[in-house]
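What follows is chain A paired twice: with chain B in the first complex and chain C in the second.
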Partner chain A sequence: MNRSRRHRQKLPWQIVLIAAVAAAFFLAPFVGLIWRTPWSKFTDIVTRREIRDALWLSIETSLITSVICCIFGVPLAWLLARVEFPGRRFIRALTTLSMVLPPVVGGIALLFTFGRRGLIGQYLDRWFGIRLPFTMTAVVMAQCFVAMPFLVLTVEAALRQFDSRYEGVARTLGGSRWYVFRRITLPSIRPSLFAGFVLAWARALGEFGATITFAGNLPGTTQTMPLATYVALDSNPESALILSLVMIAIAFTILIVLRDRWLGRTDQGVPL
Partner chain B sequence: MTLVTRFALTRGSFELNVDLSFNEGEVVAIMGPNGSGKSTFLHAIAGLLPVTSGILILDGATLDDEASDAFIDPTQRTVGIVFQGGLLFETMTVLDNIIFGLRARKIKRADAVTQAEPLISQLGLTDFLERQPRELSGGQAQRVAIARALVTQPKVLLLDEPMSGLDTSTRQLIREEFREVLAGFAGYQILVTHDSEDAIAIADRIIELDHGKVIWDGTVADYRGKK
Partner chain C sequence: MFARHVLVSALVPIMLFSACASSPESQEQTTLEVYAASSLAMPFAEAGVAFEKEHPGVKVQFNLGASSDLARFVQEGAPADVFASADIANMDKVETQDLLDSQSVIFATNYLEIIVEKGNPLNILSLEDLTDPDLIFVTTSPDVPIGKYTAEVLKKAGVSVTPDSFESNVKGIMLKVASGEADAGIVYHSEVVASDGQVKGVQIPTEFNIVAKYPIGIIKNSTNKKQAQGFVDFLLSPEGQALFTQYGFGVP
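Our next item is the complex of A and B:
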């Protein structure tokens, strides 16, 4: 008790003040949102058909996206972390690029690549009759484009931290590369894999720019929650408020799950 | 029968350059400061790093030969390795650690357990089999690592700083145990350490490395004289 009181006296008030402004800035919009939410209409709006469709589509596509991100992202992360090959830095930079790129640019790039006249899209159309834009597949592709880096970077960091001598020992014991990867490497990075999965899922769930550009905004097919929310803001602000609230609830759940189960507690520093 | 290591291995600006041969049953301690190339040497023998030039021959069979592009995979080398701290697989029980090498060779679990039984009792690990590696003391973990390395009956046993990070009393104990286990092992035994007491206590022959080169090679008795 004595100790913590001494520490409190030493806290520089300037820093505390500025930090408090920052914290208030994050908090105020939520208070504003909750304050304006028409609670009486909550169930009415949430159970509306187009809202249910958007919610379901969001959950469905974002989960598919996260699984695809794992299937393709884990091998990519492994290559980046473990194998020296020409162009490795370029590929890592490329992976990170879609993280820092405005999503709408990603959407345009996807459109001009996989669109009907795109680099790859024209052949998909001509040879197989496949048209990707404005389909659910396009929603998933747009989400993968922006979400996969979160998984790749999380898993790559975990692999880098994981002492490669464990894999060396396993190899000398007769384990093939694939066996060692399955039995040793993958189980050891499981917490990070899960964290990467959840981060990618969260990013996919919130995807807006790339989706609306590449997949469009067709209710029931490509209109995900963020799109529905944006549209509702014009026509029916109350729906927009409630939809926002639903997404905040989902985001909070993600944070809590991540914090308590996988990222470890970070409660350290000067006690108040 | 001999293990011939006549090779150079370059990593960045560092170069390890050795011309050494080892006899079966001989316990050799490799000494030297950090960055002298001790661990790199073991990695090359285990096949975890390919040599840049030169050859590695075990009992007449080429393990690694840069000139003829021959390289035997670590899985096929019959080399066991024990690292500092044991480096046990944290996601498995002690038993699964020990039988890993047998399971990797597609031996059924029950058969693998039977096969590992004598080694487990010899090393006094019978009571620890269902524990997790993090529940073991430093000495126990080291014993499990030795059992894991010996279970596939390797011809070469490599020990990379196995006693570092143990407290003095444990160290004494482990040293005794090592001597016992190594005495019962008929193959090649190479121990890397930066501690001359460990080297003198366990080895028959001492090799000193510095900056990737051999600066001393002789018997323990000679080494004592030198000091």
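Our next item is the complex of A and C:
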């Protein structure tokens, strides 16, 4: 669509009004938060050791999660988009289930599967001495469980839209399957892949319920920013406000910057 | 037929009552909003049913959660009529801001117990046994009453235990121990009673134990103070107190 023409388009005022209400609904809570923030204590709180630990842990785990989501999510999306197999609808529903589930339920499910007495976890413990709960690995697993659907759905949609004849042509020109996937398919879905990566990352960064249920809450090991914020709400509500603002600032900045840099000129129905 | 019968039998007492009632508010159904610490869930649910039976036209609605969360809701002006906290500190937050109608009263007590997995596989028998560094011990942050009490008990006994996780509330500790993910935790005796054998309780000697006091108060801005007082009186009556004993609480 032509950008200048889109700007000149006049919408009915009723729609503009309703849209404005929706936008205000998203804006108001942030204004409310900023209104109550004790700015004089800002630097004092954000430089505290446990806050720095939580911030660093959040950034580290959410990035690891996004990378893992790509490694496993892209092949899964490709399978769902391109291959007809019995039970495909079931697998797709299963993949997206954790988007609808309350994260706490996901956390309990992970606990009963990968925990020390869990379905798989008991063998991990018995045979390899691996115990997942209360570790950073568990934080990443909890985040992957809730974040991967965002990547899978985004990439799958892009793969469906992408004209597979390009791939066919490349194959007839002698490209191997792997070469075509790497040089034709992947580049053409790059904006969506990137959008999926960012969505998964954002979801992982904000993950709370599954993390506290499966990974626990220990400063420096499993206490991510959302957990630290929740804990601070009890001990020191002022620092909880400041932590919330820090999280909002990080997420908002990255969403805006990334959108403009990599997704600004695309028109592929990217959900960002 | 049946519906009309119900309607008539419901309307007649209301009409009779309103004819002789002096205050206009008692004509309609009132809902009593009771904010209570989540450890009180079982006895409060039963108390609510019994109270509703004795007071037709009053519905008791519970908002259960961590006392610290509830105290914050009340501070932020939530429409609570009654607030029951699991500790005095969280009641104080509300009381010092002059949000209570009158001074809070203690209506129940509790003491602590070590909990371990069913069958006690690690043979944990004392607070001393919790110091094993390989043992997975979970508690809550010291801002949640149970976390504060746990720290007090450990300090009294002179043992130092490194927690592996700070759960968000007492239910989190119960889940982690009952599922075998954690080896031990410390919770209220009433939780062990309520768990119905999901975890095993190990006694803490009285000299190290604490008495958790549950205060209750009526909120100043309540529009149902009369019913709220009625509910508090019911909890303090022999009938109400018997409920707490039944669920493993002590009575003041």
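Throughout what follows, the second predicted complex is superposed on the first by the 233 of 272 C-alpha atoms of A that agree within 3 Å, B and C clash if a C-alpha of one lies under 4 Å from a C-alpha of the other, contacts with A are read in each partner's own complex, and residues count from 1 in each chain.
In this section, a residue touches a chain if its C-beta (ideal position, glycine included) is under 8 Å from a C-beta of that chain, and two chains touch if they have at least 3 such contacts.
Treat the numbers as computed from the prediction; the structure is a model and nothing was measured.
Student: After the alignment on chain A, I want to confirm one thing: do chain B and chain C clash, or do they fit together?
Tutor: They fit: once the shared chain is superposed, the two partners occupy separate space.
Student: What is the contact status of A:Gly175 with respect to chain B (first) and chain C (second): first, second, both, or neither?
Tutor: first
Student: Which partner does A:Leu27 reach: the first (chain B), the second (chain C), both, or neither?
Tutor: neither
Student: Mind working out whether A:Ile184 is in touch with chain B, chain C, both or neither, as first, second, both or neither?
Tutor: first
Student: Does the superposition put A:Tyr166 against chain B (first), chain C (second), both, or neither?
Tutor: Touch partner of A:Tyr166: chain B, not chain C.
Student: Report for A:Asp234: first if it touches chain B alone, second if chain C alone, otherwise both or neither.
Tutor: second
Student: For the combined overlay, can you note the least CA distance between chain B and chain C, rounded to whole Å?
Tutor: Nearest C-alpha atoms of the two chains are 49 Å apart.
Student: Go through chain A and flag every residue that touches chain B in one model and chain C in the other.
Tutor: none
Student: Using the touch definition up top, name the residues of chain B that touch chain A in the complex.
Tutor: 43, 46-48, 73-75, 77, 79-81, 83, 87, 89-91, 100-101, 104-105, 148-149, 152, 154
Student: Can you tell me which positions in chain A touch chain B when the two form their complex?
Tutor: Residue list for chain A touching chain B: 163, 165-166, 168-176, 179, 183-184, 187-188, 190.
Student: In the complex formed with chain A, which residues of chain C make contact?
Tutor: Those in contact with chain A are residues 66, 68-69, 72, 136, 138, 141-144, 163-168, 172, 175-176, 179-181.
Student: Within the complex, which stretch of chain A touches chain C?
Tutor: Residues 108, 111-112, 115-117, 133-134, 212-213, 216-219, 222-223, 230-231, 233-235, 237 of chain A touch chain C in their complex.
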